[in-house]
């Protein structure tokens, strides 16, 4: 095992061998294997925003198999989705890519001021499907936060007892803060802290903005002159707020934006010491090959590669240097031009070679 | 096993042999056995709308035995009902027709803005009664949706562990959407997606209308030019939204309407790739023989038969022979040559030979 | 076993032998044993209305032993009461009369618009006390109906698993309907249907009035010309609504009224195919001997005896022909003039002879 | 065992030997042992009203050991308190005096219109501490009554299964009645009935006033001419309402008042057939010796002793010898000649001899 | 074992050997070992107030290891924190310092009038992490108090059964009292009583002010002339309210204030018979060495050392006499100037020497 991964696992000393193995499975999979960095493909948008808003742009994504293939082809560290999406193809892709079962989800046919997702799967289902981790969303600042924390507490305790890792999406939202406050630096740092205190192994937050939401926090940020001007500064502060770097913190990409702007954000996260990204719509809403290139660039940044900036006016995307020599586990044929056909490429026959580790 | 059924079962790879067997039981029963299409008889209207509104039109339906006989006689793939109706005759009809126990139900003596059915039976009761599946209704867009999703989650996990199939009625309703929105194409597609993500094996939705309810969805339907003009188009979109055809989606018939109009709807569902229908009032509110003919026509459409349209002005229905002078089963009338001779084989006499598989 | 009872038990085919035995215990006990008719003594008024309102008129009723004696002496099929009343004398009367433990109860020191009784006993307590059945009240039309249905569901499943019968008091009440609607024919028929669908073996409703409460039902009652003019018609409709006679439906007596009027009501229930009555205050609020005569008349009607009507102006009650040759189990001394003394008559010593069956 | 106790235990026929033993332990302990009468010391005021309001008047009472000593010294039948107070000294006093663990309690730092105590201990804790019974408060007339009844139901079932007795404090209170109604005769009688129906072995109510609260009850009290003029009459009616004397009903003393007035109340309770008293503040808020004399007088009344009335104008209380210089038990002062010499025998030294029966 | 500790443990007679051992572990650890006094380091502020407000002043505190080291280096009796903070380093520091797992926590991204923390860890987690005790916060005076009391009840019963000690933070807060009332003497004394009655072994309250909040209490404080003028008086009253000294009561330090003022408060607590302090922000928000000195002074006061007061105008802190000859367990290198580096000093290698006792 690479030293960097061993060091990170050291921060989880006292965890069961099962949990450590599953953390290692994710850290040692894909293009960024062994670097201590992670890029995860999450696809819960079908549940959260509906199928058309999520998949119409690249209709291959209606098929649950597509995302397994994408995560695998792009060399992501793991693929995260709700029960239905994972269950549909977990047998077919057993043992090929670490899976994260999202245990709670919201839809947008109803929404209130104080969000609270429904619990939609269990730790035992994650075991049944061969997952490496469970995922769970909390909304600090919602009036329903206690319910979420308490459900997470039970899930976390069970997951750890059963040897899984726990990934917490910590998204402050609700009547306790303003809309702008959802990405305020004090709020995002606090969200990371809460998830860590609740026992998360991996925490996912939004890239923090320079705004400071709470007056009581503002006083301290000013008095202590905490640097929050650049995104890298803020990422650094968030990582510090996640037990001074002892917990893996990764960042979401948010709404689709220009690629260069996106890569700048990745560079800042990398520079600030962030552990990686979780990239959904920016991945699966483009054609397969384009997505592979896009994710390759992102991973290149995390792997420390210098990526040249595209000339400002250039409409064409820069050709990413291929970071991962072989992002796909050994014999699997490289899927090409999938989006056009939307049919999963033929797969090798010998299932016995693809056992769950 | 027919190739089409084997292919459909392949979409549920990873399910337990028990669940696969029960899906196969339904797919391989009745007139449409082996076609991959399903017509299910559901009779929960006694609970949902009251006895008179449900059965006065064809009083034979007050007797729970009638519906077993009807489903069997008409060659339906399965019969779905609440606990009481199934329990009353499950012993008598043991092993003759796949049963779906509806696990939650609403009555209409009280109703609020945000519906939430009561849980009225359990997975263990379904096992006790020899059912192939459990049925469960969710109302996305209700403020109480989370409660329904979470109860469904527990039920689904238990049902799968115990080898049953799960059929989800996904009917958006409640303060999150308008009345018109309940059948809007974006909402119905979303409803199908939610049910699939929650782990349903079979999803039942309403035939979608061309209306698009949510502004955020409308933008995408317009931008991506998703075809929703014809019912067949919309059915296709719903099937796509149900994991790109990997999950069985069937459609309800809704309120009684003219037969020809109904058959047109079936043709559109068939054309759009829908897996079948669930037809309640349109079946059991007509005299027995008429119902058999009606369902035979429906099944014929799903079986790919060309059915001639009735001359437009024909108002008179064929005169049904009164079956139900005494709706008690023995001796059971042999159902006459329903579509494409997929009539269940004559029943063996000795009850002891008909153990639950 | 009498043919009629065997036929009724046939409607519960698939039930466990334990449950069938307990249904048989009630059908085969007392004056109406073997007739398929039932008269049950319920005494939950101490809880529901308070002790003085219930027992001051005939103070012998303060003593829980009194009601066991009354039910036994009058030849009722069963005696139903809350935990305390049964527990107080269940040991003393063990094996003498089938008992129904009421599992939920309301008191009238507090009342809201949407009633919901408290659960006050359990299936296991019913087993401990040697009961044949559990009783449970639901209030369809209450905003709290789901809670009641769901608790009943659990109780019903457990009771059936443990070999007990389930008696459901189905009394629509609450903000979903008007006061008049509580006894409307559509509502009472619906109430019977709901209880049956929830899995009740025996359903108790109120004698229905000719009023139709719900507009959507009214249309059907008119269109289908459902006869509801006479009480006998309405009872017939309710019995039909209870799975076409496959479930035992009995009727409450309601508030005390003139005896002749009461007997007329019984005659109508009998004529309409009702399975019997559950008679509380009309029994235990009169002196013991009078109650015996009164109940004897009622049972006579259900047994098919012709009872002469009293001449209209006669203030004196008609002398009932004794239906039951021996309403009391063999050697027990016939209690006479108890009310005067209010002390239970001395009982035979040998407790070992009175074991629970 | 004395005949009177045997007779009372006979009212609990069918209870487990464990429960009967524990009822006997209380009936056979202390000054009133064997008389069928009980005086219980309850000390939950520290929780209910706060420490200063409860103990500042006689600061010895801050020490939990004091109340064990007082109950023992005064020859009470049992000592009742919340978890903390019992746990603090239950080991020290193991086997010396029957204990009742109060399982629910309210504090007065917050109060709403519809009270509902918190559950603060369990049946298993009662077993761990060697208690003879559990105590539980219900507030009929509170909107939260169902919650209390249902929790009590579970506790009662468990306590009986584990061989404990159940003592219910039944105090109507809440938005269903007026303040005056809390002690109205109809309400108190009803409260006794409810507790009995819920399965209590021993019921504690407040001494009823002549007021009748509920209009529906008033009609009956008037029509049946139920005597409620004197306290003795009312106590008789309450005892009758508690299953005609088949359940032990005891009365609280309420707010401190003049001693003579208090003794008059005790005489009326005795005359009306009440089974005894539960006396808290009137006991532990006086100096130890005074409390012993006071309780001795009370017990004397219940034992049937004639107690001379104090001359009307005597304002001075007997000067109590200061017991509690050091309220710690050893060496325990021998309680001096309490009523009718039913002083507990001198304690054996060897703790090993004092195992729980 | 020192006599004083043995005497204190005697107050918990009847507790399991496991619980007694864990109480002893805390009483016998660190600088105050054997004195019967305790100073505990609590660090839940990261959860309660957010990371920046808690740790920016002394950024070493972002690292969970820092607080273990601080508690150990300063010779605290125990270190208390939420799950995440303990779990991060419990393996590393196994067996070095008694740990208290805080089982419930609030964050300040949302706050309502009636606070109720979320349960964030369990008794089993405390066992897994090798803790000596669990900690739990109740907010008497909150409308949600019952929920907190009932959860605590379950936790307390389980913790005692599993051999842990229970520390209760009792902080009245919520709509039942005013802001000023939160530290009123009557309220704080009541809070201590409630925690004791709920079965806490150790109670933590705020230093009480002279204000009396409740009118009903005021009458008694006045009538009984309870001395509450000085803080020592009030502490004495609180200790008396905690079962007359039979329960360990410790005091929080509250918001940061001048050191001399703080030490005066400690002196008053000591003088009033308080068992010690729990000091968070005042410890970890200063540089490591300063914190050690500060805590050394506090411990010196509790150990009975005379500490000279600093001359009023002196800005420099008085040099505390080192109370504990060796506050750190034997061979551990004395960390110096940690804050500057923020990296935990190198630790001895042999993990096998540091087993949990």
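The first chain written gets the first letter, and so on, giving A, B, C, D and E; residue counts start at 1 in each chain.
Criterion: contacts are C-beta pairs under 8 Å (C-beta built on N, C-alpha and C of every residue); 3 or more make two chains touch, one makes a residue touch a chain.
Please read all numbers here as calculations on a predicted model, not as lab measurements.
Q: From chain B, what is the lowest number of touch steps before chain E is reached?
A: 2
Q: At what distance in angstrom does the C-alpha mean of chain E lie from that of chain C?
A: 62
Q: If you average the CA atoms of chain A and of chain E, how far apart do the two points sit, in angstrom?
A: A distance of 38 Å separates the two centres.
Q: Give the residues of chain B that touch two or more other chains, as numbers and ranges in rising order.
A: Not one residue of chain B touches more than one other chain, so the list is empty.
Q: If you connect every pair of chains that touch, what shape comes out? Choose line, ring, star, complete or other.
A: Graph shape, chains as nodes and touching pairs as edges: a ring.
Q: Looking at the complex, which residues from chain D come into contact with chain E?
A: For this pair, the touching residues of chain D are 46-47, 49-53, 56-57, 59, 62-64, 82-85, 87-88, 90-92, 94, 105, 107-112, 116-122, 124-125, 129, 327.
Q: Which of the residues in chain C end up touching chain B in this complex?
A: 11, 13-14, 140-143, 145-146, 149-150, 153, 157, 172, 174-177, 186-187, 189-194, 196-200, 214, 216-217, 220-221, 223-224, 226, 237, 240-241, 243-244, 246-247
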